[in-house]
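Okay, structure first, notes after.
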Amino acid sequence: MITDTGIVIAFYVIGASTVVSALMVAAVRNLIHAVLFLVITFTGVAGIYIVLSADFVAMAQVLIYAGAISVLLVFAVMLTPTGDRRNAETSFQAPALVLAGLLLAVVVFVIYDTDWRIASRGQFTTTASSLGRAFFSPYVVPFEVASVLLVAAMVGAIILTQDEDEEAGHAA
Amino acid sequence: MTPRPLTLITDNWYDIRDLSNLSGKIEELIRDANGPHWAVWVVSALLGAIGIVAFIGGVAIINIWIERRVVGRMQSRLGPNRLGPFGLLQPLADAIKLMQKEVLQPKAADGLVFSIAPIAFTVPGIVIMAVLPWGRNMSLARLDVGILFILAMSSLGALAVFTGGYGSNNKYALFGAMRVIAMLVTYEIPSVLALLGLVLFSGTMDLADMVLFQEKFWIPLVLVQPLPFLIYFISSSAELNRTPADLAEAESEIAGGYHVEYSGMKFGLFYAAELINAVAISAIIATVFLGGWWFYKLDELVPGWMIFIGKIYAVYFLFVWTRGTLPRFRIDQLLAFAWKWMTPMAFANIIVVAAEVLIWDETGASAGLVLPLYIAFNMLFAGVLIVAWVRFMGPRFSRFPDRLRYFDRIDVPSLPAMRAPAPAAAAPKSGSGAPARSASEGGGDLRGGRLVGGPRP
Amino acid sequence: MPIKSEPVEVNIGPQHPSTHGVFRMVAMIDGERITDVKMIVGYLHRSMEKLAEERTYTQNIPFTDRMDYLAAMTSNLGYCLSVEKLAGIDVPERAQVLRVIFAELQRIASHCMATGAFINDCGAWQTPVMYTFRDREKVLDLFEMTCGARITTNYMRIGGVAFDVPDEFLPALDMLINDDLPFRFEEYDQLLVGNEIILMRARDVGVVSPEMAINASLSGPMLRSAGIAWDLRKADPYSGYDQYTFEIPVGYNGDSYDRMVIRIEEMKQSLRIIRQAVHILPGGPHKTEVPLAIRPPAGEAYSRVESPKGEVGFYVVSDGGAAPYRWHVRAPSLINLSVLKEMTVGQTIADAIVTLGSIDINVGEVDR
Amino acid sequence: MPHAATVMLAGATVAERIRAAVPDAVREVAPQWVVLEPSAAFEAMAAVRDDELLDGKYLVELCSVDQITRIDVVYHIASLAQNHLFELKVPADHEHPEVPSVTPLWVGATLQEREVYDLMGVRFPGHPELTRLFLWDSFPGHPLRKDFLALPGGQKAGLSQFPKQIVGETGGEFRPRRPGTGE
C-alpha cells in the first residue's frame, strides 16, 4: 500500500490531470488540440508509473506513447484534409459511447473482482533488469509472438499505403 | 527514485571536487535535527534544481557568445567584440533587447498552443540535465533507466517544435513543423539503436554506471564504439536542428520555419532552448562516449564536474564546427540518409556488439587483451562500412561528366549567311550544334575541382 | 489508398532571405513539391528607360550603375560602347585596357557574390558568403581607390574612363591578382567544387537543356552551363578582348552545379585577362575629349557586352538631340528568368531556392 | 584566323531571305533593318527562325520605340552558330498597337513582351499571359509612350495617391495578382 503522504498527493494530482486531459481529448473540437491533450494524458500515465516506482515502464511510456504514437497521430491528422477534421457531428458518436461504456464496465469489474494483494517483496530496485529477465526467461514466447505480430502489422501497413499507380509506375 | 547511500570522496563539505558533499552535509544536518523525512527530498531536489537552472542560465548566455565568436572566426570575421571585454556582454544586451520587444501573435494563431510551445521546447533540455552524472556522486536523479529517460525527453522536444509551427498558423511554420515531425520519426530510430549498442556493451542503462564502466576499464567508449558515436552525433544534430540538418528552420528555404512568427522573449526562449538542447545533447555524448567526469587520473586533481563541462564544450564545439562548415541537406536526402545508411549501420553495429559481449563473457578474457582487439576491429568495421556504403550506395547522378570544357575561341564561318548552312545539331549536347562542334577543345579538364593538364597561366 | 492533398499557395518573397532582393515567387505547393510558379517583379521598378529620355547621354551613365548594382562596371561599359558606336567615337588604347581591367575585376566581384549567395541558398550558415565577400571587398577597395565609389562606380565615360588610375593602384592590383586571389580560388575549389553536400543539392537541379537555353534567350553562365560555348568576349570582341588569351568554361549538364563551377572558373579566367591587361597597359590619354552634352547623329545602335549575369545589351535611338530618343536595356537577369517556371516546377521548395540562386538574378536589373 | 566578330547583316540580305519564304511580308528595307508587315510578321519570324542561312534561333532582345505616329516593335535576332545579328521591326498603330506574339517561337520573348505591353501598351495576341510585368494592373496608361508626360487627371505618384477606381484598360483597385485565377 502506498502510505507516504507525498506520494499519495502526487498520485492524486497526476491522476486528476491525466483523467481531465483524457476527457479533454474527447471533448475538444480541434483534432490537433486533442492530440496534444493525449500527449499530456500519456505523460500523466507515465507519472503514475513513476509513483508506482516502475521507472522503466514509465520511460517506455513517454518514449513510445508521448514521443512516437502521438507523432503518428499528428501525421494522421495532418494528412487529413481540413474539411474532414471536424469530429463534432460524426455518426460514430453513439457506438463510441456504447463501446466506451462497455470498456469502463469491464475495467471496473476487473478492479473489483481482482484480489489485490500487497506485494510481499520490497520495492523494485532495478526494474529494467528484472523486466529483461522476465521477458527472456518465463515470458519469452509471448514476447517473441508480440514482436512477430508487430512485424506483420508493419508489413501490412506498408502494403496498405502503397499506391497502386505508383507501383505500376515503378514496374514500367 | 530510490535514494542511494551517499559515499563521499572526502568528508569536507567545502571540497569543491564534489559538490554533492555540500548537499550531503545539509541533508545530514536535517537528519540530525530530526526534521521530517520528506524535507531531505525537498531540500536536495531544490538544491539540485537551483544548481542546474543556474548552470543553464549561464549556458544560454555564454553559449550565444561562444557560438558567435567561434563561427565568427570560422567565417573570417571577428564576431561581437564591442560590448564588454571581448564582447562578453553582448548576449546580455541581446537578452535585454529581446525582453523589451513586443511579443506579437498572429491574429489567426492558435493562441494557447502558440504560447505553450516555447516553454514546452525549453523543458526537455533542462530536465535532461537532472539525470546526468556531473561528478562521482553528483546526479540529481540517478535513474536506472537514464538513457531511456534522455531519449524520451529529447523526443518530446520535437513535439514542442511541431506545436509551435502548427500554432503559428503560417505556411512556412507549418512546413517546418511537418519537417520536424518527419525527422523525429526518422532519427529516433538510429539514435536509439546507437545508444543501444552502448547499453549492450556496458551492461547498464544508468548513466553514472556507464561512466564508472569507462573508469573501470580506462577507456572512453567512443574508441570502442566509433560507429554509434557517428550515428548518434549525426542524428542528434538532426534532432537539434543544426546546420547539416536544420531543415525545420531552414533560413534560406522556409525563412525560419517553425519560429518564423515568434518575436520578443518567445523567440528568445526558442533561441535559448536551442542552445540548451545543444548543450544537453553534448552532455549526453560526453557522458556515454567520452567518459563524463572521468578523465584518467585527472579527476582526482580537478573537480569532476569541471572535466565534464570541458568535455561538453568539446562536443559542443563539434556542433558549432559542423554548423559553420556544411551546407544543408534536402529533406528527402536527409531522410534517405537516415533510413538507408544510419539505421542499417546501427543494426549491424548491434549485432557486432552483441557478439563481442558474448565472446567476452564466455571466454572471460582479460579486458587488457579484449578491449584493444575490439577497438581495432570496430574502427576497421566502421571504416569498411562507411567506405563500402559510399562506393556502392552513394548518390548516383544521372549525367555525370564532372568537368567542364574549355574553349579558347568560337570559330564561325567567315561570311555568315553567304555560306552553306551548318549541318544541324552535330553534337546532341549543343542545341545549335555549331559552337560546340566547331570550337577547338583547349585548356584542360576539370576533374574533382582540379585542373589537370593544359596550359595554365 | 491514395492520400488526398491540397495544394497550398506559398509566397516566396518579396521579403525572403533567398530571393536576393524584392523578387516574389508565388508557388503552388503540393506537399513539398512545386506544381506551379509565378514570378512577380516590379517592386524595384524605377522606370529608368523613361527617365533616360530626359537626360543627356552622359547623365545616363549613373543609371547603368543602379541597374545591376553588383556589376556596375560592365553595365557602364555596355552603355558607353553603345553611345560610342552611335556617335562614332574612338576610345584611346589605355582607356580600353583600363576598361577591360575594371570589367574583369567587376566580374570577379559579381561572381564572388553569386557563388557565396548560391552556397548560402544551399543552406550553408553564412560561411561561404563571408569568404567570398572578403575577396569581393578587396576588389571593391580597388574601385574605391580609383573612382571613389565601391558599388555604384560610375567610372566609364563616353570616350574612355573618368579618371586615370592612381599611382598606388597597380601595385595593389598586382598584389591582389598574384598573391591573394589565386590562393583564394584554390580555396574555393577545395571547399566547394568537390563538396558532397553541394553535389547532392545542386547536381541535376534546375536543369536547362541546350535547346531551351537558346530558345529562351538565356545568356551568360546559364547558357554556358547548358553546353553552349558562347561568350561575347570571344564571339563579338569589344574593347580589345580579342588580344587576350583566355578560355571560356562550358558545362555539360545545364544544372545548378555546373553554373556554380563555371562561375568559379570564370573568375580564374578573369585573373588571366587582368594579368595580361596589366602587362600591356599602354600610356597615353585615358579619355577622348567628348562634349559633355554629346549629340550623336540621328540613328540607332545596339551594342552588347558580356556582363557577369549574361549579355547586357543597350539599344539607343537618337534623334540628333542631346538626350536619347529611346533607351532600352536588354537585361540578362530578366530574360534568364523566363525559364524559371520550367526549371522549378516538379522540384521541392529547397531545390527551387537553389535553382533561383544559381540563376543569379539581380533585382535591380530585372526591374530597372 | 582572327577571332570572329558578330556580323550585323544588311537589311537587304535579310529581306531577300524573308521574301523567299513569305513573299509579301517585307514592307520596307533599310540598310540595317527590315520593316515587316504586322499581318505577316509571325510567319516571317517563323521563317527567319527556321531559315538555314539566317538561322535566327536566338532572340537577342525585343523592345519597342514610340515613333509618335506609330509604335515600332524591334527585334534583334542572332544566330549563335553563324555569329551574326540582324534587326527586324514591326510597326504598329499608335492608338491600338497590336503585334502578333512571338512567344510560340521564342520562349525568351515571354517576359520581354509583357514588359513592352506594360510600358508601351502594345498588345501581343497569342501571348499566353499578357499582364503587366512591372506596374500594377490598374496603373493608368503606359509610361514609355511619348505622350505620357505625367499621371493623368492630376494624380500624384505614390500608391496611396491613386483613386480606388481608375478608368484604365484593366481598371479596378490595386491588388496583387493572384496566380491561377486569371486576375
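Letters A, B, C and D name the chains as they come in the text, with residue numbers starting at 1 for each one.
Following the convention adopted for this analysis, contacts are C-beta pairs under 8 Å (C-beta built on N, C-alpha and C of every residue); 3 or more make two chains touch, one makes a residue touch a chain.
As the structure is a prediction and not an experimental result, all values here were calculated from the model.
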item: Pair with more cross-chain C-beta pairs in contact, given C-D and A-B; value: C-D
item: Chain at maximum distance from chain A, centres defined as averaged CA atoms; value: D
item: Chain C and chain D, separation of their C-alpha mean positions in angstrom; value: 24
item: Intercentroid distance (Cα basis), chain B paired with chain A, Å; value: 30
item: Between chain B and chain C, centroid-to-centroid distance (C-alpha), Å; value: 39
item: Chain B and chain D, separation of their C-alpha mean positions in angstrom; value: 56
item: Chain D: positions in contact with at least two other chains; value: 3-4, 57-58, 80, 83
item: Multi-partner residues of chain C (at least 2 other chains); value: 214-215, 228, 230, 234-235
item: Interface residues, chain D side, partner chain C - complex; value: 2-6, 32, 57-61, 63, 65-66, 74, 76, 80, 83, 85, 87, 106-112, 115, 119, 132-136, 143-144, 148, 176-177, 179-180
item: Interfacial residue positions of chain A with respect to chain B in the complex; value: 4-6, 30, 32-33, 36, 39, 50, 53, 55-56, 59-60, 62-63, 66-68, 70-72, 74-75, 78, 123, 125-128
item: Interfacial residue positions of chain B with respect to chain C in the complex; value: 71, 74-77, 171-172, 175, 243-244, 246, 250-255, 323-333, 395, 397-401, 403-410, 412, 429-432, 435-436, 439, 442-443, 446, 448-450, 457
item: Sites on chain B touched by chain A in the complex; value: 1-2, 38, 41, 110, 113, 143-145, 148-149, 151-153, 155-156, 158-159, 162-163, 166, 178, 181, 184-185, 188, 205
item: Complex contacts: residues of chain C adjacent to chain B; value: 8, 10, 16-18, 32, 119-127, 130-131, 134, 189-190, 192-195, 197-201, 203-204, 209-211, 213-215, 226-231, 234-235, 245-253, 258, 261-262, 265, 271-272, 275, 348-351, 353
